[in-house]
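Below are structures written as structure tokens.
Two complexes come next, and they have one chain in common, chain A, joined by chain B in the first and chain C in the second.
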Partner chain A sequence: MPDTPNYSWPPMETRKVIGKPYKRVDGPQKASGRAKYSSDYNAKGLLIAAYLTSPHAHARVTKIDTREAEDSAGVKAVHVIAPAGAEIQWEGAEIAAVAATTEEAAQEATRKIKVEYEVLPHVVNEADLSKVGTRAKAAGERLRGDPDKGFQEAEAVSEGTYGIPVVTHCCLEPHGQVIQWQGDQVNVWPSVQYVSGYAGSLAPNLKVPVANIHVRMDYIGGGFGSKFTPDAWGIAGAELSKKAGGAPVKLFLERATEQMIAGNRPSAYAKIKVGGKKDGTITAWQSESWATGGVGGGGMPPIPYVFTEIPNVRLNHSAVSINAGAQRAWRAPNNQQASYLTCSAIEDFAAKIGMDPSEVILKNAGYTPRADTYRYQVQKAVEISEWKKYWHPRGDSGSGTVKRGLGMGINNWGGAGHQSQCRTTINPDGSVVVEIGTQDLGTGTKTIIIQVAAETLGLPFNAVKLVTGTNDLPPDGSSGGSTTVGGVSSSTRKASVNALVKLFDAVAPSLSAPADQLEAVDGRVRVKSNPAKSLTWQEACRKMGTSKISETGTNEQRNPMGLNTSGASGVQIADVSVDTETGIVKMNRFVAVQDCGMIINPRLAESQIFGAIIMGISTALFEKRVLDDQTGRMLNPDMEFYKLAGIDDIGNIMVHLDIRPEMDKRGVIGLGEPPAVGICAAVGNAVANAIGVRVPTMPMTPRHVLNALEERKA
Partner chain B sequence: MSSKKDSAPDKAKSGFSRRGFIRGVGIGTSTLSTGLLEREAAAAPSTAKTAGPGPVPITLQINGKPMNLTVEPRVTLIDALRNHLDHTGAKKVCDRATCGACTVIMDGKSVYSCTVLAIDAQGKKIETIEGLATGNNIHPISAAFVNNDAQQCGYCTSGFVMATKDFLDHNPNPTLEEAKHGLCGNLCRCGTYVGMRQAVLEAAKTIKGGKRA
Partner chain C sequence: MLSFEYANPATLKEASGMLGANWGETEVLAGGTDLLSMMKEYLETPKRVVNLKSIKELEGIRKTSAGLRIGALVSIDELATHAEVRSGYKAIAEAAAGIPSPQIRHMGTAGGDLCQRPRCWYYRRGFGLLAMKDGKSLVPNGENEYHSIFGDGPAYFVSASSLGPALVALGAKVKLVSARGSRELDVAEFFVSPKSADERETALRPDEILTEILVPSPPTHTATYEVRQKEALDWPLATASVALHMRGATVSSARVVLGHVAPTPWAAPEAEKLLAGKNITPEVAEEAGKAAVADAKPLSQNRYKVQLAKVAVKRALLQAVKGRA
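== the complex of A and B ==
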């Protein structure tokens, strides 16, 4: 068939598998404890490795002696990462690694490594810009319109200072891998968000041909943007394996090290001035922001967020270099910060002019790239949350000590599909195998691939066998930026259509109809104009003879052919109660209205949104990396003082997926990130609404709340 | 069902909490509770028995089967299970009794196995998630987690399933509020609590009356 086949998604009303709430295919394996994560892999002859890490935030290694560690019982290999002369830029940085026959022996041996340091001066906190000295680097002013004139002409001006701290990814499965390096062959079982790209990153470091690196990952225990590459531990593990004569080595970070060096969300602080009219129209924005993501500083979040067309804007930003582990992508990089800073400043402007902030957002929707969508979403969120009933002017929340308030946050994200290739094989016995070198982070990737293949081939869900998780499969992009669902669904669709075209060619003579007049529906191949003229799927496949059909399909990132697209936005509302005596903030309800394109599996899509919101509530109420000025060390590299939300901390969550037909027509859009964006904004605004004063710094801990109340009294 | 309630332990009505969890761990390691230490000291024979520091042979009763292994006395139960017995359902996450990913049931009480020494677990009945399924059928609690999509990455799931089992063993007909309280000793990073709340209630209904035969 010379023409390009029709890859477009079947119309909403004819879908049989897509759009249905199938349970995740790997659910039973996970819920029965049988799923083998890479960190569960007990290879034969396995050695376990441990790291020695730096206790100093900034130092130079002057001497390192590993002899005693090498002689320690059970030790098979010691690998020095920071030799004498190496400069250490943060606590937790890797000094050396030891592989031994048991975990305890490896840990004990690390304590026998003698290291001498020249301790150097450190800076670890950026919240107070006046104290960081030369560590702040100004990025240069950015201007739009005439902000000075804008503020002069403004009928009202509000000012505020806002901060959102560094938080960690805190993946439950730590970073690491089991790796075996024998001769020029490497086998590796990593915990990674990019199975297809892992070998390409590792190979130059080991000077081994890429094709000799065999990667396998069946399950991953969380990534959230922090697990894209082999990292230093991939290389260290490989070196240990080689030194130990090719034994497999398991090197996964201990929790403390995980918290210190395996990724974090950069901070963002800003002094923001907003000017506008008393009808709510914003006319001017000025901000001086600063941020850190470690030694490399931190970029400016995209502020003003979403309201990108505010006419008069002045932006100044400083990147602050501190001695702490480096930032990594954290579920919508820099968008939470931007949403928090922007929505907080707009809420304060609304309070200044005595206007309902939802009205102010509506009033200024024209400044956003998707005005109609935001207007619809604000109204929908207001309706679902009964905003008009529960919202009140700031601070006007009754006489009791427990105050209730509502606040709004907004989100925006891309989410178009990444480059992805899939292979669909139809066997003469009718069995179907779909292969793709992707990974399922718990988002439901495996499940939705099967749904797309089954829908395309007119088969039931359980007729499709899926193979993923190794790097000898058709390559798939990294699971970052909410790009996976668009990528794999589109490549699977195309591969399966291509395979079906071949099957129709084989079947056409038997049905006495042209191949392009056939369709696969309900487990049969039939003539479109005369559905009674048909073969069962198995009969049709037998027409292939003894050879199988195996076709690939590729989602070209630059030409997704309408199968996937970019641009998901949402509006979120938090409803909180604040005890003004204890400072404790309690979530009552959380409402999320989310634009989502074409939904392949509503159950899993909803779970993504619940998850994003819960993670967001956790950051809004509890999470903060605490570094000590004096020692330069992290005070909460654990999970009892680095707090995550528990099952009783999250209130009731209401999700409204915007699945109107006009949204469905846009194609598939990633959902992992957008709903994670607006939560700090919504919660911070709800607290301000409740207690009548802005709590300037996330998270909304009792201390921050009480400090803000105390300052108001003063 | 009401008659069954009478046979439930007294503690059932008071529910289950993080504090209870930690108490459980304290009994396991004989280190946290001063009162216990004193009582145990009084009951101990006068000739103190020492083990180690080298590896010692021990036997653990896991899911009804005796399992022999040789571990150093400092090895925790989670490391014994995962590194020595390839029972990898329980996960090591925080390694200090906060997150519950390592939850197993010991003598009818859920414990954080990262804070129990393997040698102290001798002679105790240890239930792990590997013991829950019967043949090809996953346990009703596991099934409820699947049905309610109460998992994403799944790394916390084994711990939550075991915590749920212990909770329902002691509190077979919980309210939603009790369920939330009962599972507050475990943490999830992906944010699957909405499904979990439903999963606990569904599992309670399926199991009908608590302990399975």
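== the complex of A and C ==
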């Protein structure tokens, strides 16, 4: 048995391709429109499908008649999803689907399906817990230490109520797929965050062998945690295709349906009491929180967030079941809510004792799992934001109409690499192909795989050809939990090292040196101790004869061998100006200090943080799902009154990547989610700092800001 | 979207012969920024769509001895950037410039801005113009943060027109043409608060086309101020347009008209009265703002809009006199 090759990352100072700011390899394709997303795929003979969805938030289907729809012009298949007797639990739930020769024909036919409902009582809002009746389920009290004693002994106690509403994912490309089911073969072009696992999820529903399901996705227009499985529309599309004699069927959700049924971030509301000493040390925490993520209740935000070692804690949480589409993972699920609730309560405690909240966070860093990291990051963020110059005691923000304020938020996440396999092939002509069944969510996955392979093989960036996006490639995990970069970088490293070992075996005789004394650097294979003794890469590859070298490498999630690891944290600061006459909040700056271990591409790492912050600011200023109590309907299932930030609303983003050598040594850590976590916290705190009063509910709209100002006056 | 017949007349005469006598039969198409989305949502299902864009008579801004004639097809962008409008009709130019997104400013038309349908989300989700369910409006006890703060119902939507308040403040008229003839109407009379679901929010009749906006020569001091949360693609929460006749630094008479706070552009006579004979100082502007909202009747969620309307009036007044003596 040969020894295990050395897979460890090359030392920082010797890296030639890793650590360099290459631009996304697919940037020009996307920017020019040449990139074909699954929703752009127009197969020959394509049928377009449309859904009929429920107008009721809670109802039972008593009768459904599709005959007229089946006879409608252009219709090739009708598939009933909710037959008579089916209970509907939210507006937008799928009743039936129609495939027709045009989109208009399909839509028109859905209007000809006659459905009768028995309308049942609904609850669609949870902000006011007193109005939800039996829909709230208490999780039971959780205790740590002695909170009663903690509060008795506290020198200061602050109390506050905080709320963060349900928001939706708003993927630019809606959920759906083109799918073709012919006999026992299925071809599918989905919009999904898990190319390798898609067939395995779909197969049992269609009763088709997994091996007969061929999945391809070249590009995806956003997922953010909402696109892990084939979903009901994958199955409905397949049924329609089968009924239509095997014609390909395109079923992508309309925007309104997308907003209602394709996932959302749960809400979180809480009454929180914080007690502590006047020097800023927090000694007690008590919270009553509630949340919803749809009929199934809601995720319980892990509070107190990060400050997990506060000695005396009492937690009571209720999950509220409402008649609305189910939650899905939303870019660090439960963490934004937890960070928002915790950082808001700590900021209010700091205001109560008249202390700078950045000092309070430093004072209590010992309660966190990564105290030294947070201490460093708080100080760095304070320095970059010129906190000491711009922060002021709450409300002490001058006499003008427009008030400026700064606020802080923190994040924490895992980000270890997922299970991943890669195959690196070196051909006798020197060409290199890397194959991996992954997906690039727009994060730059394709680019960083190429960087890792090129670095490992001592080749330039453009010498590596990459193949991804189908399920016949070596399997890769789902892109969730910020696990992709760790997984694919490690598997690519291992596969490429393994291939190189084989190449060295073939080349060693020609260089009269043992294989383990060779290295690949700058497009040459050379003897480590005598670099002049070398072959060009092409010359070296010719020594393979006519057969290629093709080796796999696997990132074992349980044994990443130091190539990737878990645990990324960050500290963020929002700098806002608030017009106290209109309640309009404008972002001046947003500072993000973030660690993510070893950075493969600083441009793309920064880009991830920019994206997360833009998304987060949008939620902090504008986003909320509006459901009407009277009708149970969503009133803003669109991009008009479901408001998203535009680029002028974002302000100046300043990113500092924490790439100290001790961080680099930790290996690769995912970065997609952590920087999205602390933004509502930072913005809410900045607004409180600016106007001198806590605006208790996100988002920071004129309505919420003016109401808070007026309440203070009253 | 249902199938429909598409007509593309080249003259106004031809076009007016193509319209139906009842709402719902025909719709006219100009920029299409509203009509197409209404049709996609099946909120409008006309049998015939009459395109106006081929009618040359409806284009262009003309200066006359009496003021400006603005063709119905003039784009919002043309209004916002037109030299004469920018220098002499600031309230209109500022209202046009506030309409977000370059796409809408380029596609959308002046006539379309006045004729577009309300954005009330109950209406847009199929509950009808008055948002009635079981004989009762859903708005007063519902999600009404963007709804009206003036008037007594039964309409609670806000007029979506951005130009309307400025045109009312300037005393403009619209010309309405049908096969039966033509009529001119004050813009103030053009907007109506419907009393039943069969009515519309303008005085336009089903067989009429809005062809022109006639704006008299305005006073020297006019302005529009809008409160809008987002920089891009967002509706104002409140606006105010003001037109001040000045004698030196003193207001001899004023027009103050609020937007996006009522089913029609909403004149504020109490503010106008208060301003007469005064110099515009920050204090006077503040007082005028208060007077403008004295009769406001906010709904359960939109009390904040009273404050926004007040501020819009104050800021429009200060903007009208700032550097424009």
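Annotations for the structure displayed:
Following the convention adopted for this analysis, the second predicted complex is superposed on the first by the 713 of 714 C-alpha atoms of A that agree within 3 Å, B and C clash if a C-alpha of one lies under 4 Å from a C-alpha of the other, contacts with A are read in each partner's own complex, and residues count from 1 in each chain.
FYI, contacts are C-beta pairs under 8 Å (C-beta built on N, C-alpha and C of every residue); 3 or more make two chains touch, one makes a residue touch a chain.
All values derive from a computational prediction rather than experimental measurement.
Judged by the touch definition given at the top, the superposed model places A:Gln630 against chain C, while chain B stays out of reach. By the touch criterion defined above, A:Val433 lies against neither chain B nor chain C after alignment on the C-alpha atoms of chain A.
Once the two complexes are overlaid on the shared chain, A:Glu104 sits against chain B and chain C alike.
Look at A:Met12: by the touch rule set out above, it reaches neither chain B nor chain C.
Look at A:Glu581: by the touch rule set out above, it reaches chain C but stays clear of chain B. By the touch criterion stated above, A:Ile653 is placed in contact with chain B alone, chain C being left untouched. Contacts of A:Glu640 after superposition on the shared chain: both chain B and chain C are touched. Contacts of A:Leu535 after superposition: neither chain B nor chain C is touched. Set side by side, chain B and chain C differ in how many residues of chain A they touch, and the one touching more is B.
Contact with chain B, but none with chain C, is seen for A:Gly33 once the two complexes are overlaid on the shared chain.
When both complexes are aligned on chain A by C-alpha atoms, chain A residues 104, 638-640, 645-648 touch chain B in the first and chain C in the second. Of all the residues in chain A, the ones that touch chain C in their complex are 104, 107-108, 111, 581-584, 621-622, 626, 628-631, 633, 635-636, 638-641, 643, 645-649, 701-703, 706-707, 710.
Contact residues of chain B toward chain A in the complex are 72, 74-75, 79, 82-83, 86, 88-91, 93-96, 98-99, 101, 128-130, 132-133, 138-139, 141-143, 145-147, 149-158, 161, 180-181, 183-184, 186-197.
Across the complex, chain B is touched by residues 23-24, 26-28, 30-37, 39-40, 42, 48, 102-104, 170-174, 219-224, 254-255, 441-443, 603-604, 607, 610-615, 618, 638-640, 644-648, 650, 653 of chain A. Remark: chain C residues 1-3, 42, 119, 121-122, 124-125, 127, 133, 138, 141-143, 145-146, 227, 229-235, 237, 301-304, 307-308, 311 touch chain A in the complex.
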